[in-house]
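Which chain is which? They are A, B, C and D, in the order written, and residues in each are numbered from 1.
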Amino acid sequence: MGRRVAARLGQAIVVLWVVATLAFFLIHAAPGDPFGFDAPSITPATRAFWRHQFGYDRPLGVQYARWLDNVAHGRFGYSQSLHEPVRDAIAQALPRTLLLMGVALVAAFAIGILLALFQVQHRGTRRARWAGTIALLFYSLPDFWLAMVLLLAFAYWVPILPAGFTVDPVMHQYMAPIPALVDRLRHLVLPALTLTLLTTAGVARFQRNELLEVLPLDFIRTARAKGLDERAVVRRHALRNALLPTITLAGLALPALLGGAVFVEKVFSWQGMGWLTVNAIGMRDYPLVMAAVIVATCMVVLGNLLADLAYAAADPRLRAD
Amino acid sequence: MPTDGPRRRAGPGWKQLTPGARAACGVIVLFVLAAVFAPLLTRYQPWQQLDVVRLKSLPPSLAHPFGTDRFSRDVYTRVLYGARVSLAIGALAVLLSSSVGTLYGAVAGYAGGVVDTVMMRIIDTFLSVPRVLLLIAVLALWSPVPLAGLILLIGLTGWFDIARIVRAQAMALRDREFVVAARSLGARPSAIVWRHVLPNVLAPVIVAGMLAVGNVIVLEAGLSFLGIGVREPTASWGTMFQDAANQFVSSWWAVIFPGVAIVATVLALNTLGDALRDLLDPRQLPAHPGSEFQEPAHG
Amino acid sequence: MAEPLLAIENLRTYFHTAGGVARAVDGLSLTVAPGETVGVVGESGCGKSVTALSILRLIGAPGRIESGSRILFQGRDLLSLDGRAMRAVRGNRIAMIFQEPMTALNPVFTVGDQVAEVARIHAGASRAEAWKRAVEMLDRVGIPAAGERAREYPHQLSGGMRQRVMIAMALMMQPDLLIADEPTTALDVTIQAQILELLAELQRQFGMSVLLITHDFGVIAETASRVVVMYGGEAVEQAPVRELFAHPHHPYTQGLLAAMPRLGASRERLQTIPGTVPAPTDWPAGCRFRDRCAFAWERCEREHPALHQLSADHASRCHLAVEPERRVAHPPAAPAEIA
Amino acid sequence: MRTLRLAACCLPIVWLAACGRGEPSASSAAGAVDGGTMVIAAPGDADNLLPPLSVTILGREVTDLVFDHLAEIDDSLHTIGDAGFTPRLARSWTWAPDSMSVVFHLDPRARWHDGQPVTARDVRFSLALYKNPKLGSPFAPALANVDSVSVKDSLTAIAWFHARQPESFFDIAYQLWVMPEHVYAAVPPEKLATSELARRPVGSGRFRFVSWQPGSRLEIQADTANYRGRARLDRVIWAISPDNDASFAQVMSGQADLLENATPDQLKAAAGHAGIRPFPWPSLQYAFMGMNFRSAKQRTRPNRFFADLRVRRAISMALDRRAMLHNVFDSLGAIGYGPFPRVLSTADTTLRIPPYDVAHAQALLDSAGWRTGPDSIRRKDGRPFEIRLIAPTSSAFRMSYAVLIQDALRKVGVKVDIDAAPFPVFFAKQTAGDFDAVLAGYSTDPNAAGAVQSWGTKSIIPAGGNYLSYSDPTFDALVDSATASFNAAAAKAYATRAYQTVADDAPAVWLYDVLSVGLINTRFHEAPLRADGWWEHLADWTIPPAARIDRDRIGLGAPKP
């Protein structure tokens, strides 16, 4: 187990190094000076001062080394558009994204697995086919499209849920703890629902395939030969096995989930990493964009690592060694 | 029944497809025909502003079956030409990623050993970077990006899954009799990959590619939605949707039709891809679980 | 002969695939008397495993037991039972052990759990009670330190131990009939013998009947009292074991026996009969063995042989039974394709 | 350089002719109890909160409310002499006989928000800071005529001018926000922009700054100890969201109270919605498509297309301004009449402008040597007529115009590449002259000198806001005469001739005047809206107690951390 963790950690570090390097050269290959556009309020003298301060006047190699050092220590520079260190901006946004993604991930896996069980237990029936078609439909929907439809439906036509993140959290500072919490949850509903729906379809498809792969196996036949009914066969013997690869899926789903979060956060003004990234693009805030990419990659790598470890812990065949 | 010959069986026949998959075929053929024969199916140009005062934001009518948009452009015409752009981006980007992925996967799988390990590590690394974010970052840095660049970028960030599928196939094929025979007869590795491995991985690549086209169409729409995809006056379904999104209440037709086109096409591609996948070999795909979550958008 | 415990009558199990209808079992009849061990022998693909699964009705789509088939167990037709009644039979009155003990056990449950589960299903035992009985049974099938072993997972056990676990699982409810589908094929030679010995011992203790399915005449010779030879989804020869070994009638049986290297040591498939079993989707008309038969003549192409009763307890599905003078060797008409 | 100020309000813009709604005077709300919370759905964040540096709309709103002038211009924006100006930090003022200086007598009750008294030293410091080149204030040129401020005693400051000019008083009173020396002198000017002080302003206005979370939220509260009386509202919160649709939804659901700019579609959707009404507000902004006189990439060379007057006139004639206006604004648009917004006192709506005449446009282009090629794109010397039009994505209206112009010019054989970019990038390109054509929104000062800043030779970039590098000595002379005139009628006559000169040179296609319409919750009683900033009297806005909702009853006090 220890060696496994060490090996995976080593891989993770290599991945992050590659991504940090990629980000560095992307920024430097990009046209324009990250400071060029702030012209009206920054004088040439100030610009020169900051260029020096950030080391943009140094040789590329030195800059690269400094960049790696900075990234390793979580220093991503100063955000020109937010007027604060990138690290502070991310420290604010990251928990929001983690909350959104965490809720969506848990809900999507719960619903997706149940949906898959339904489809497998009732395989061949019309109900199961309908469930499959609906899952496929959600799988085919563009994220922003679903987000906008839900926004229109629940914040506009039947206005029972708040449209976005911005306003009431603005008032939170003046609310009692309980109403503030309730309000936060209300604001979470639509974005989390969107992300959940989009993720559920993938989980259900995957889980269904895994279950269908397990069902022809010998030990399932053994379970049937014991006299177990089909429900118990699927839920007890097949599911336990089919869930193992699904643990890995939770890690593998992260890149897509993050991608989906970009659109969902944009549409619902949920001020997490995706929202931050899209805005940073709007402001040509390169350090922020690159930091977002690196942090997102970190999340993916970390997520995969955790998923791997969870898999190892859950599978008795791996647990022993 | 199982054959041991080098080639897969010819492929599923029309009769083996489910009614859903057949309908999906129909939808895809319809959109492809619409894209190819767009000039014959409409008398307008997609960018043509007919009369920016009198003919703007007209609801659907006989003259304009899908209505007109806020610049008095015929929405029906734009959906037809939008099919060209969206399908072309989907097809070309996937062609690119399939080619790169197939070659990469075939080499890695056939070579095996250290080469394979290193090549797969590289893929793992790229798979750790969320594709949408990577594309957003690159597109934002270099915007405005021309259409060819967009296709190139989407294509070059989408070949990892196909490479994995092909690698798995290639590894399985490596020790099969006909490959062993070819090798013992002194065929060069490149010839073996070209003559034996590639033809045999074609079917799963086609299926994976079909699913990928749907994903790319959604991805393009998403990027256009963020304003960093296709640019005016070129009409893609994504730009059309983005352009009209905030007028949903006042002129729904300008939003609904491109939206329906996207969803119908992607649903059709996914349905057909799924059906073919089940027919070819239910256990073969996905090569790795994450491909259930091919981005963009997904979810 | 007393009232049989199990009587299979005209069993037909067909697989309806895209490539056509595979008649895996096609009109099989056999009986098992109480306390008797019947061996079913044949090459892979002959339908013997499908027969075993058909008895427990564990055939999944696209397979189907065709109407007209009957499986009488203790006088009841299993094919007419509803799901619940059938489940009450499975693992309880009829138990089964499988060829591959490594894959037949669920890798993510402890072996104790899996054995105990049977008691929980059929005896309504509490968790603790079931566990206690499972450990007892594991002990009884010769697993040392059964209490500790019960807490281990299948991959932690050796192949022989796993098969003992399977046996324990099967015998938990003291079934009337044990179906053993190639119980020793995947095991080392020495272990094979141990397992067979164990089975015989337990059969004596419990007084149950055994339907032993194997491709290995060596195993049959050691354990069975009666043998059914299957080919092409049907029984081609039936006889008491000594009679069969002494006077095999069907050319196929003769081929099998000739290919048997020595008792109890045959691990590789029998390959000395030229050709392979034809695809069950298209059995040849006439005799299904004729393409591989050294004696085949034109009648074998034309006419499907009936099961001829050679004596009271010996039958053979071969035209030679009526035209014994045809037993003149010549090479097979068309050498079958060899992969 | 006032141009910068509202040019930054890159936002959707609508016009209404009538400025100011039914003028509820301060006295009408006399019975109202102070209190209430206003939430403004802001489309963009502030750049900084330093009066001399902030050029974003939110930055201006906050600094205008947190800081005070010496004296305040009247609502009709008279700029000549001190007519109409009312006391602010200065309780009164006395002119020197030669009009070369003014003595300001500061209000002894005036306090900074940290409790320190406002002194003459602060006034001197503020002027020096504005004019310090190390700070690089874009407003410094507007104070060019103010030489210095001297301190006579702690409550008496004397402003000295370089020349006797009609707008000397306007310059010192309107262009200078007074800042506390003891706070802002702590950081060297060149580091002020990026210092913590740029994010935590300390002023003397009726609102004081409370908190700013970049990208999401900014709050000010009534300064209860203020010498001019506390603001009537308890607090104003800007909820920042760049997504116009989300902001709209928030106003519709009552989470936000004010959306400054609504699109015609949103106005339509909100019509008849109880509790929400349109919020039209005047501005000094006008929008046009400008044509660059210089090459986009090499500033020293003339532009290949637009250096030729015939081409500029042809482009003007190829565009149906009224049709485009109607397309974008429905019936709410106001056509542009020339290089000024019509609310300006010097505006003249009768200038001769090239008419819409496609045939004439084609003929002009032919005569200029641009011949139609096989691909129906015009060419000259083998090079296609292909121009790059920059536009800010943040302005839905200008983005619409870009698409309309693209198709209209295609019809005369001109290919347009729309280079749409987010506002900061657009602004950088505009400032650098990196474009062939630009969809610009200029905001002018209320005085005639405003035109110099946009069209004068001496304001050609990088010195000023003349991004097109337009240069005409006749215009320069006429506009100088206008600004030097102490007689309003004469000033207007000069200005008209100056404007006609520009119109004849056709450096731009005058698209529309900007008057924005937003949406506001009906519980607010507004104070008069000023054309240079609807928020200038925000401290006098009220909410009747009966109309209040939960967040109006929070009361004053610091938010929880």
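Simple rule for what comes next: a contact is a pair of C-beta atoms (placed from the backbone, for glycine too) under 8 Å apart; a residue touches a chain by one contact, two chains touch by 3 or more.
All values reported here derive from a predicted model rather than from experimental measurement.
Chains that count as touching both subunit B and subunit C, per the definition above, are A.
Chain centres here are C-alpha means, and the one lying farthest from subunit A is C. The chain closest to the protein's centre is A, with centres computed as averages of CA atoms. Chain pair with the most C-beta contact pairs: A-B. Annotation: 53 Å between the Cα-based centres of subunit A and subunit C.
Distance between chain centres (mean CA atoms), subunit A to subunit B: 23 Å. Subunit A and subunit D have Cα centroids separated by 41 Å.
Note on chain placement: the centre of subunit C and the centre of subunit D lie 92 Å apart, centres being C-alpha means. Each of the following residues of subunit A touches two or more other chains: 156, 266, 281, 284.
Those residues of subunit D in touch with two or more other chains are numbered 393.
Within subunit C, no positions touching two or more other chains are listed.
For subunit D in complex with subunit B, the touching residues are 244-245, 263, 265-266, 268-269, 320, 323-324, 326-327, 393, 396, 400, 402-404, 406-408, 410, 418-421. Those residues of subunit D that touch subunit A in the complex are listed here as 4, 37, 39, 41, 45, 47-48, 53-55, 133-136, 138, 190-191, 193-194, 198-199, 213-217, 219, 237, 239-243, 246-247, 249-250, 252-253, 255-256, 393, 422, 424-425, 427-428, 431-432, 551, 554, 559-561.
Interface residues of subunit A facing subunit B in the complex, by the touch rule stated above, are 11, 14-15, 18-19, 23, 26-27, 29-31, 133, 136-137, 139-145, 148, 152, 156, 195, 198-199, 201-203, 205-206, 209, 212-213, 245-246, 248-249, 252-260, 262-263, 266, 277-278, 281, 284, 286, 289-290, 292-293, 296-297, 300-301, 304.
Across the complex, subunit D is touched by residues 47-49, 52-53, 56, 70-72, 143-144, 227, 231-233, 245-247, 249-250 of subunit B. Interface of subunit B with subunit A (complex): residues 20, 121, 124-125, 127-134, 136-138, 140-142, 214, 218, 221-222, 225-226, 228, 241, 245, 248-249, 259, 262-263, 266-267, 269-271, 274, 282-283, 286, 288-290, 292-299.
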